[in-house]
Amino acid sequence: MVELSLAELAREIDATLAGDGEIRVSRLATLQQAGPGALSFLANPRYRKYLETTRASAVIVGRDQRVASDVALLRCDHPYAAWARAARLLVPAETVEPGVHPTAVVDPAAQIDPTARVEALAVIGADARVGAGARIGPACIIGEGVHIGADSHLLARVTVLARARIGARVILHPGVVIGSDGFGLAAVDGVWEKVPQVGSVRIGDDVEIGANTTVDRGSPGDTVIGEGVKIDNQVQVAHNVEIGAHTAIAACVGISGSTRIGRYCTLAGGVGIVGHLEIADRVQVTGMSMVTHSIRQPGTYSAGTPLMGNRQWRRNAVRIKQLDRLARRVKDLEDER
Amino acid sequence: MVELSLAELAREIDATLAGDGEIRVSRLATLQQAGPGALSFLANPRYRKYLETTRASAVIVGRDQRVASDVALLRCDHPYAAWARAARLLVPAETVEPGVHPTAVVDPAAQIDPTARVEALAVIGADARVGAGARIGPACIIGEGVHIGADSHLLARVTVLARARIGARVILHPGVVIGSDGFGLAAVDGVWEKVPQVGSVRIGDDVEIGANTTVDRGSPGDTVIGEGVKIDNQVQVAHNVEIGAHTAIAACVGISGSTRIGRYCTLAGGVGIVGHLEIADRVQVTGMSMVTHSIRQPGTYSAGTPLMGNRQWRRNAVRIKQLDRLARRVKDLEDER
Amino acid sequence: MVELSLAELAREIDATLAGDGEIRVSRLATLQQAGPGALSFLANPRYRKYLETTRASAVIVGRDQRVASDVALLRCDHPYAAWARAARLLVPAETVEPGVHPTAVVDPAAQIDPTARVEALAVIGADARVGAGARIGPACIIGEGVHIGADSHLLARVTVLARARIGARVILHPGVVIGSDGFGLAAVDGVWEKVPQVGSVRIGDDVEIGANTTVDRGSPGDTVIGEGVKIDNQVQVAHNVEIGAHTAIAACVGISGSTRIGRYCTLAGGVGIVGHLEIADRVQVTGMSMVTHSIRQPGTYSAGTPLMGNRQWRRNAVRIKQLDRLARRVKDLEDER
């Protein structure tokens, strides 16, 4: 880690310093766990209680945050964004030593940029290309004809098939599968016949995809993930889905085939979206909701039932099965007035 | 890809040709993206609007589809099934060159058919068998005593343990895990003790399993997946589950231990099924439904609440907690009439 | 497998034997599939019907179980726990031959205990430590600075990064990812900026984690999984989550960032928990429930709607959207009385 004075840090992250500019920080920590030399932050009001007692050397807070203690403060408009920038300053990106590990299995017809790094036991197929500064982690599999853009980082055990095109500065976490076959089946006399899957996957620049997430190839046509899209762990993106730029998708979301999601959307954890829908730009869907129809207007959408004690839930859940009848009974009472 | 005339194609897929039989196609494309030389199809009415303007050389459509443009048509009873067959003709299966890659780690006591292919960095344990024409992709792990049937294809990074038996023509996508331990725990004085898992997994012929899906071994007894079953990505099949032939399971489904699912069922994305249930043949469960009791009759079953704007949802969701009381209040009103 | 007489077995598992103590068993089987020489058990009353016709040589049952047949019985207080113990006696743990497979890629600065085993194509980074008797299965990736405790077993293709600390006797199943980056994003002018992830993961002794489960590193601070925690397949544990000792988490659960779960909890399959919550000790959440607020009291909690025939569901589901209005209409009727 790097060591920085609060004066330097305030300048870099556009903060107003309340405290001694000579104090130096060289670590990142939560308010609860911080000690001398650590920088911390307060963005979520739930953790405000820890602000008074923190042993951090400095804390990034909002412009108007009240603080009773005399800890040094870096006041910012957007404390979490400022924290992100401060973290990048204190934890500089690793420099990547280029080269191909001797245990990697690289097809002679693959093109590895001389500034790229290919780690142990990676497999790189014919006609694949790995761009400048890219890093292919251990045991990654880069199929025939796949392109990996400049400065992208596949951490470990990532599989990319189907001649997929991966943009620049893309981060793919362990266990990610890109370009597996879609669930293309045709029923013939009650038996499922496989529809050959022939399309690919295109992933824009600055995309990040979390551990064990799967992105199927399109067929025909491609599955497309726009630039700046961020996808968490264990998300399923089916064939021919299109995701607009700068959309964020939390863990355990499933998106069915051919659905198109707009730009600047957010899907919370566990959301499911059925196939062939269109979701407008700037739509937010709250956790574990199922989306069964297209959404034309920006805004926040929800489904689901609230958590209850199990006994209360049992009493109420059975009533859901009688709800239509209950509504008719109310109608009858109204008509009898 | 192969090039075929529409006359040949019509014959092969049992279509009535409306157009010039001499036209040749050699590519597959969606209606929107097709150009000259491409074959396309219309199976889902949502995409009808693209039919008039497509630049495809020919389109597979239903027998009675109305079309205003003069694009060549291949009229079929089941356009999606015909598309599947046409795709298999235009994209013939890769011929697999047999042999074991020098970086594969194969136990001397494994039996690899001389016509099988074992790719880079695969690991094959003692007493494992790989059948004729089978293909074990890069970095797959075939545990001790596992059998892989003829012409099966494990794409890459598939793990098969527990002496599992995999049938013929089975396709396993990257990240699939077969034969991991089930969640067998016994509570002893509040602490969980592991129950040793001793059974196996049996997978029938012509099964396909999607990326990052997991199938636990049974204990005692086996987990059984019938012939022709198709499973999408990120599905969880717990220990001792039995899935009947020709059932299709979409992504993100979870099936708890010892549940038996019938033949010709379809489970839509995100469905959850609790343990020890029996689901009859020809049952369909719609997306994200939770199945908490056995289903004895064929038919379609559903659970869940509809998507709403968040404000509307908040108002309604709180009422679900009061639903039993609401029903009692209606009863009181009725009694007072 | 080992062969044991019923007399020996009864002594070892604290059972009362009803039958011939000389009978010997050497296999484990379900009641339905058992034959001579097999030991079986009855713990779930659903399977009682098989008890009269089983061909098992002996069956572990509850103290008061009525049985009409003359099969030998081992009567116990907790038949499933007794079954677990009997299984451990009949299926003794494999002895692990120590040594590093010649195809493993081990950094010279890693410390592998001489009694540990590192299997084919594993990758072990600098400053990693593998404890006594630990077993690193084929194609596992142990990142720089990671510690694996004594007698832990990583089955195959497990990835551990971020200098994680794994306790003793921990079992990690294939496809598990420990120490991937959390979903830490800050919105800056509508674009997502990555927050560098700097913390780690600490996993206590006797933890078991199922296939393809993911556990993100904290930042700052650690993600913590307490001793004796059991996690099933395809569970997502986000950054900075803390899970108390002896909690059990079934498959397909998702836990969002910074949530703290108590000790001795059980989360059933498909449960989702939003971020920054606190769940008390001894809380049980039933399947597919979404937890949106902290839970302060032990007990069982539920959400969700019951499964219905699709037609019935359609009629009722639409009424959920009118529920607030329905409640107001009932209020009006009451006011008019």
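Labels A, B and C are assigned to the chains in the order they are written; within every chain, residues are numbered from 1.
The working rule: a contact is a pair of C-beta atoms (placed from the backbone, for glycine too) under 8 Å apart; a residue touches a chain by one contact, two chains touch by 3 or more.
Predicted, not measured: the structure shown is a model, and the values here were computed from it.
Superposing the C-alpha atoms of chain B onto those of chain C requires a rotation of 120 degrees, given to the nearest 5. Two copies of one sequence, chain A and chain C, touch each other mainly through non-matching residues, since under half of the numbers at the interface are common to both. Between chain A and chain C, the centres computed from C-alpha atoms are 25 Å apart.
Residues of chain B in contact with at least two other chains: 121, 139, 157, 175, 212, 234, 252, 304-306, 308, 318, 320, 322-323, 326, 330, 333.
Those residues of chain B whose C-beta lies close enough to touch chain A in the complex are 28-30, 32-33, 40, 44, 46, 78, 80-81, 83-85, 87-88, 91, 101, 103, 119-121, 138-139, 155-157, 171, 173-175, 208, 210-212, 228, 230, 232-234, 246, 248, 250-252, 264, 268-270, 287-288, 304-310, 313-314, 317-318, 320-324, 326-327, 330, 333-334, 337.
On chain C, the positions that touch chain A within their shared complex are 105, 121, 123, 139, 141, 143, 157, 159, 161, 175, 177, 180-181, 183-188, 190-196, 198, 212, 214, 216, 219-221, 234, 236, 238, 240, 252, 254, 256, 272, 274, 276, 285-286, 289-293, 299-306, 308, 312, 315-316, 318-320, 322-323, 326, 329-330, 333, 336.
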